[in-house]
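Each structure below appears as structure tokens.
The same subunit A turns up in both complexes below, where it pairs with subunit B and then with subunit C.
What follows is the complex of A and B.
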């Protein structure tokens, strides 16, 4: 059953609301997947290089699945949605568009984001719309490794030398306010939650995420600054970093839109 | 019996940061050595080994063993493996065929 044929797809208000929400999920995965792929050939060792490249492919694969479903509801192919929109049409959290920085920032961001993604997928997996709940369960299986990889690296970096610990704390200070922004509600969130498609609203998801990540961070002797992130990504307000990223990412597509090979 | 790290001219510290990885394709197969990963410890070695050696073919289990824990024969002593008299009665070629048949059968049962 495609989404468009589901009870959800037959109501116009829900179609638009949920299509918008799926687009935000897809954009997060695509943009972070692209950032991960920028480490290919440059990661600290060949093992982590191969592993993170593999994670990058999986995140972009997840983006594709979300774009297909968003396209079901809103129209457009995954390629149109991924390559054919201007930066202000993107709904990803600002966190994922930030340049990779050093390995410490990459790992801290990966840990914070994947934990948030896990909470989000749980909320979808428990929902009543079967095609979406099934998709969330499938993705959760692959995300399990991403969580493991990020957390194990984080534990080792935070527990290594004083310099490593200090750099991880610095990365956390930089990432935290924007990591909170992963749970910035999309415009249509109310409609989505009220329809019962998602079992937890963004505020409740954020609370669960905060509890889970701070438990790990405190165990590692890391401090969280309680600074609030500004609104942003979910409403299309992005940094210049996204414009640069999309310029790189869409260069080939823009040369000959619609070309096949 | 010399340690493998001595044969490879590695220090204890180097050898304890390299893990030999063994992959098991089904629960009925033996673990087979498929390569090495660099890692700070065994847990990280398994995390990295999963993507290096298990991202394409299906597998059910991985082992990671620090190189510093492996004992090995020396290549200089290779003559201990060479029969000096006719031992063809031990070859049991037909067993190999039997192993092939049994292996296919086990795979089907996965």
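What follows is the complex of A and C.
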């Protein structure tokens, strides 16, 4: 059963809200997948190179699945949605558009984002819209490898030399305010939550995420210094970094829109 | 009654075709992988439900197209629709014993179909003195181990994580 044919997808008042929410999920996965792919050929060792390339492939594949479902409700193919929108049409969290920086920032961001994604997938997996709940359960089993990978590296770096620990702390200070922004509600949040599509609203998801990640960070002797969230990105307000990233990512598509190969 | 017999015979010919459609990245058929969830036939209209091992696997579209093209070649078939489904997720228990043996013969380690989990056995020397090198490998469904006895790298067929 496609999403558009599901009982909620058939309701006109919910279709746009639901589609908008799915776009935010898809945009997160696409943009972070693209950032991860930038490590291909440049990661610190061959295993990490393979790992980040594989994680990138998987995030972009997940984005495609969310775009298909968003397109089911809003119109458009996954390619139209991924390549055909201006930066202010993107709803991804600002966190994921930031350049990779060093390996420490990449790992800290991966840990914070994948933990947030896990909370979000749990909320969808428990929801009543079967095509989406089934997909969330599937993605959760695949994302688990990303979670384990990021956390293992985080533990390794935070427990290594003083310099490594300090750099991880610096990466955390930089990433934290924008990581909180992953839970900035989308415009249609209220409609989505009230419809029961998600079992937890963004505020409750943020609280669970904060509790889970701070437990790990504290155990590693890392401090969360900035409690307040920065701009999230869900309403289309982004940094210049996204414009640069999309310029790069959509160059071929823009040269010959609609081309197939 | 006549109708039912005809469709059953067609269904079984469709399954025969599916047994010969292989994963483009591994020597195993889509049926031995356990990817076919259902074959529904009505008046020559065929709907096949495909369950991916990993949802982002780029080989899915190749297999989907192969299935569509090959099943369409059967004279009684008018059209073929191949739907992806996540309703009943893929697990390693869906892989057939024959499929498992083909992958092992190909040089891969394959996890047990059911719990309890067992240590990864080297497909070359049988040793279980193996170490995980990388939970990511050349495809989404492979991890890399190392055999500490015969000193070969090993590709393990990696199922999605159930925990």
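Points worth noting:
Note that the second predicted complex is superposed on the first by the 257 of 261 C-alpha atoms of A that agree within 3 Å, B and C clash if a C-alpha of one lies under 4 Å from a C-alpha of the other, contacts with A are read in each partner's own complex, and residues count from 1 in each chain.
Everything below uses one rule, namely that a residue touches a chain if its C-beta (ideal position, glycine included) is under 8 Å from a C-beta of that chain, and two chains touch if they have at least 3 such contacts.
The structure presented is a predicted model; accordingly, all values stated were derived computationally and were not measured.
Partners subunit B and subunit C clash in the overlay (superposition on subunit A). Applying the stated contact rule after C-alpha superposition, one finds that A:50 touches each of subunit B and subunit C. When the two complexes are overlaid on their common chain A, residue A:65 makes contact with subunit C while staying clear of subunit B. Between subunit B and subunit C, more residues of subunit A are touched by C.
Of the two partner chains, subunit C is the only one touched by A:139; subunit B is not. Of the two partner chains placed by the overlay, neither subunit B nor subunit C lies in contact with A:184. When the shared chain is aligned, subunit B comes close enough to touch A:156, but subunit C does not.
Of the two partner chains, both subunit B and subunit C are touched by A:148. Of the two partner chains placed by superposition, only subunit C is touched by A:130; subunit B is not. Within subunit A, the residues touched by subunit B in the first complex and by subunit C in the second are 47, 50-51, 54-55, 145, 148-149. In the complex of the two chains, the subunit B residues touching subunit A come out as 37-40, 43-44, 47-48, 50-52, 55.
Of all residues in subunit C, those touching subunit A in their complex are 54-58, 85-87, 89, 133-138, 140, 144, 158, 160-163. Those residues of subunit A that touch subunit B in the shared complex are 45-48, 50-51, 54-55, 145, 148-149, 152-153, 156. If you check the complex, the residues on subunit A that touch subunit C are 47, 50-51, 53-55, 57-62, 64-65, 130-131, 134-135, 137-139, 141-142, 144-145, 148-149.
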